[in-house]
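Across the two complexes that follow, chain A remains constant while its partner is chain B and subsequently chain C.
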Partner chain A sequence: MIRPRSSRAGWTLVEMCLAGLLVTVVMGKAAFVMQSALGLASEETASMHYEDQARTVIDRIALAVMGSDRGTLLPQIEEVHSDKIRYTFSLGMEDGVVVWSAPEEIFLDDTRRAVEWRENPGLAEERQVVWSNLVAPLLQGETVNGVDDNGNGLIDEDGLSFVLDGERVIIRLTLRRPEVNGRTVDQTVERIVTCRN
Partner chain B sequence: MSTPHAHRRGRAGFTFVELAVTMVILLVALLIFSSTLSSVAEQRAINRESALAQEAARNMLESLRSENFAEVFARYNSDPADDPGGPGTAPGSRFAVANLDEAPDSPDGFEGEVVFPIVVDPVAGLQLREDQVDRALGLPRDLSGDCVVDDQDHSTDYFVLPVRITVRWKGRTGTREYQLSTQLCQWRKLA
Partner chain C sequence: MKRITRVGAERRRGGALVFSVAAVLVVSILAAGFLQLTTMISRRLGSSSDTLQALNIAEAGLAEAYTGLALAHTGNVGSEAEPAFFAGGLMWVEATQHASGMVELECTGMYGTGRATLGIACQPVEVGVAGLGFFTLEDLRLNPDVRLDSYDSNQGTYASQVNTPLNNNGIVGSNGNVTVASGNLIFGDIVFGPTSKASVASGSTVTGGMSPRAGEEVLPPIEVPAIPLGKAVKYTSGTPMVVPPGEAGFNGLDIGKNTKLVLKGPLTLVVGDMKLGLGAEMVFDTTDGPIQMHVTNSIDLQTSSLVSTTTQVTADSIVLVSAPDGKSVNFGAKSQFYGFIYAPNAETHISAQYEIYGALICKELQLAAQGKMHYDLALGPTLDSLLPTLYSWRVVELPRPAAVNRRDPFQVLDLDPSALPSPAYAHEDQVLDLRYEDRNGNSQTYFGLESAFDWSLVKAVLYGTRDGVAFLLPDDYYEAPVVANDPLVDLVNSSMTSKQLRDALIAASPISSEALEAACLRQPPMNKSDLMNVLQKQPTLSDETLLAAIASPSLDSGTLRNLLDDYSPLSPTVLNAVQTRVPALSLSDLLALLGLQ
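Take a look at the complex of A and B:
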């Protein structure tokens, strides 16, 4: 006997509901997975971006310090961190004498949370350029408590810190992305340089 | 004239097979998308590891450069007995690299190593030699400035010091290595 409707009738309401539910569940899961993956990818992209920026800035600082004379660096105190460094660098030789540049300074502007470079600081012809903003108030892992929280030997160091250690200058920088969805992204880079002049 | 069958098919919507094919296509697309994201994330991690290794090697090179040139070999070789400040007082040849995991074959848990062209003599100990063959370090070459490449120890009279900084770590794709080879030399600051 032939069942006249069943072979041509398509789905019943129950089948439709089940199929709809199944599709909704699968699509919902897929959307959730995609959203999570995109969130992670976006977080990683931000992290990479800030790391790149931090490396670019620390390269500029390192090159500036590298061209300087260790004896002209200020402050001169060793093993203590500072959020600024003042230096002069060699412009070359003239009549057998090294010609030094005008004094320059790289420092952390606390109010703008920025790394700034300044030429002729404090003089009438002073020039100032912001090299990077979004500097963290403190180096990654550090809190203001009088203790070395991040184990680098320094206490309560700023987001930009210089340490003079013999002939070496150790530069550390942490950039922090402003909070997005309750999460921040910190990127820290460290560079050691030796003055060449 | 339309048959009842044709009339019905025109309004029937998706069949089960069509729906299943659609879902398979969607799932395959999702799979491709997620595997692409995963590959990108992995490549980023690999690049980051490389950047960390390069940075550590460069930092170590700067540390070597900041030392008293005549003491660099003694302070950064693997023999603690010849440390200028007394045995075991110098940094030595091995160093840690932050944010990288040591390679499974690391003898001491460190990732970095400073390597010089040496020969271990059973009697005399570690010798800095200029007759080693190492193209990356530019050897053999005269290290002492006497215009002769000999088989003597030049650990106390070198004026050029070939050095290789190796960072070896356990990365996402297995054990990886970064090498930086250069030559340090004595220079004098002009007055």
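Take a look at the complex of A and C:
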């Protein structure tokens, strides 16, 4: 015998409320997790992007300095940081003689927060290329207070700094991007290279 | 009833499915996102580390080729078609020889997605300018009776090396003609200018070869140190003037009659005009360090002055004359100067009593008759200094399609890594001439292509060349008379007259058995009395020399008997040679000689 379905069959209001609440909680949690994950991923991606860019820039700087003639580096003062470096490098041999490049310069443009490369600086035939325009005003962890805040032995160093130490050149670079939520992502890379010429 | 129940159940299951699918979707999206992120990170990190590794491999390849040049390799290591396997990647080096002697090396390293090409320019052997020996930019005309020879200050004094092979390696060179006058003794080689010639007068001797140089020598300019110059000094005090170690500069230094100047090393001295007066003396005191004296205008060491050095280290006393072009400078003092004189712009006058042990490079040379100069081999290249001189290092752009293609290099070049040689075995093949000690301690030799030689057989290399260029010589190479180049043997075989030869051999006595034997058997023969004079000047004669005397066409029966009388009783070998001599001794001489036995 088939028992007729009760008119009160189905979910009660309480059940509906509970179900709705549960669904809302679960969905909310899922959305929260997703948002967090996406935020994290976005931050990671941004960080990685900046690390990538920082490495690319510092690799270019490092190769330029490695190929330079130590005697032609400017400035020549050791153990004092500078935000620019001027150098010449070997172009190879022509007619049995080593040919050297025109002077080049890598420097930090404070106004544009950019690492810039210049060939023949100051001359009519000067060429200029911006390698990155996301350089932090100061190296990560440093503030303008006359003190070595980040413990690297330098005081109030810029976002791009060169330090000469014998035949070695220590290059440090911090790239910075302000995030939408007001946070900033800093990416610092350091490279120590030896002048080969 | 069952159907209704089933419908209700399906509805509930459908609701759960929606939630489940949504949850799975969310998780999948998250997982995919993280996977993509991770892949991206690892790919970028991998690419960065691959590039770094490729750079390191290229550096290693350059180092292999660079050190290879010091071992007489060509600098080519592997090739794009057959590279060397190294550190999980591959590399090859291409060497380009330039006419200037420079070698350009370019090494391409490939690892994973990383590619790098680096280049260096270097000069295989650094030969200091002093290695030119006695050299002039202009034509070199030697005055009569000059002696130019060599010794090695690392092996002992000059006196201990006279008439040894070390005495026979002098270098006399010029960018122009070389004219050797009568009575000159050149114990070594003459190297004249590429389009010039050497003229050797009769009665002179050149024991070595004569050949043009490959290209004109370019002498480096002198860089005068920026030392402030004090006022000119005319020193006449009886107390010696002492210039202490360090740096000093004078516009002029005039050391007056019978006064003394002592230069104490380590010292860098710059002088405008340097003059040593009559009886004046200048001492290079290099006991505590080297002295480098720069003369920027003129130098005049007068005839009766004296110059001396406290040590015999030729690299420690250096006189650099940067006098204006065409200016003549005078080294007229009495001296046994152990050092190096470099005057690339000056006409240099050297008196017969200014005897140089070291080297001399100048624009023009006026060496007085009977002058003597002894080139110090220690100033030339040594095996220790064979590492190439590095002139530049650079990063080369990657033009090759294979290098630009960022896939696995072994796939790109279609190579099996296990079939590739290591860098040490990837040097370009050359003809190897080797003397070595094998694993059992036996001395062995090999001559042939290096690719066919098994280096695992070698315990120690004793001597080796590649394509005729030495890469290993034994320490006693110069001492061991492997090559019979006793200078006196060369002298005997020269075109000197019998009388000249007699005088030269008597002056050099006592001389070696080899030289005496050569003198006895010389063609054309020496004069009888000349040969006897030489033989009688020797403290003793070996059996070998007596045998040569017996066979000599110079000595007649009576002369030979007189000589052999002094050495009787004779050894059976010598006695047998006397009895079988052709032409035979006269009967009376033979009987007299036999009576003494």
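The definition used in the following text is that the second predicted complex is superposed on the first by the 183 of 197 C-alpha atoms of A that agree within 3 Å, B and C clash if a C-alpha of one lies under 4 Å from a C-alpha of the other, contacts with A are read in each partner's own complex, and residues count from 1 in each chain.
We take it that a contact is a pair of C-beta atoms (placed from the backbone, for glycine too) under 8 Å apart; a residue touches a chain by one contact, two chains touch by 3 or more.
All values derive from a computational prediction rather than experimental measurement.
Of the two partner chains placed around the shared chain by superposition, chain B is the only one that A:E190 touches, whereas chain C remains out of contact. By the touch criterion defined above, A:L91 reaches chain C but does not reach chain B.
Of the two partner chains placed by the overlay, only chain C lies in contact with A:L63; chain B stays clear of it. Contacts of A:N120 after superposition on the shared chain: neither chain B nor chain C is touched. In the superposition on chain A, A:R55 makes contact with both chain B and chain C. Looking at the shared chain after the overlay, A:M34 reaches both chain B and chain C.
Once chain A of one complex is fitted onto chain A of the other, the partner contacts of A:N150 are absent, as it touches neither chain B nor chain C.
Of the two partner chains, chain B is the only one that A:E167 touches; chain C does not reach it. Residue overlap on chain A between its contacts with chain B in one complex and with chain C in the other: 23, 26, 30, 33-34, 37-38, 41, 44, 48, 55, 93, 98, 197. By the touch rule above, chain C contacts chain A in their complex via residues 1, 4, 19, 22-23, 26, 29-30, 33-34, 37, 40-41, 44, 48, 51, 96, 98-102, 104, 119, 121, 391-396.
On the side of chain A, the complex with chain C involves touching residues 2-3, 5, 23, 26, 30, 33-34, 37-38, 41, 44-45, 48, 52, 55, 59, 63, 66-67, 89-93, 95-98, 100, 196-197. Listing the residues of chain A that touch chain B in their complex gives 8-11, 19, 23, 26-27, 30, 33-34, 37-38, 40-41, 44, 48, 51, 55, 93, 98, 166-168, 189-194, 197. Interface residues of chain B facing chain A in the complex, by the touch rule stated above, are 5, 8, 12-13, 15-16, 19, 23, 26-27, 30, 33-34, 37, 40-41, 44, 48, 51, 55, 58-59, 62-63, 65-67, 98, 189-190.
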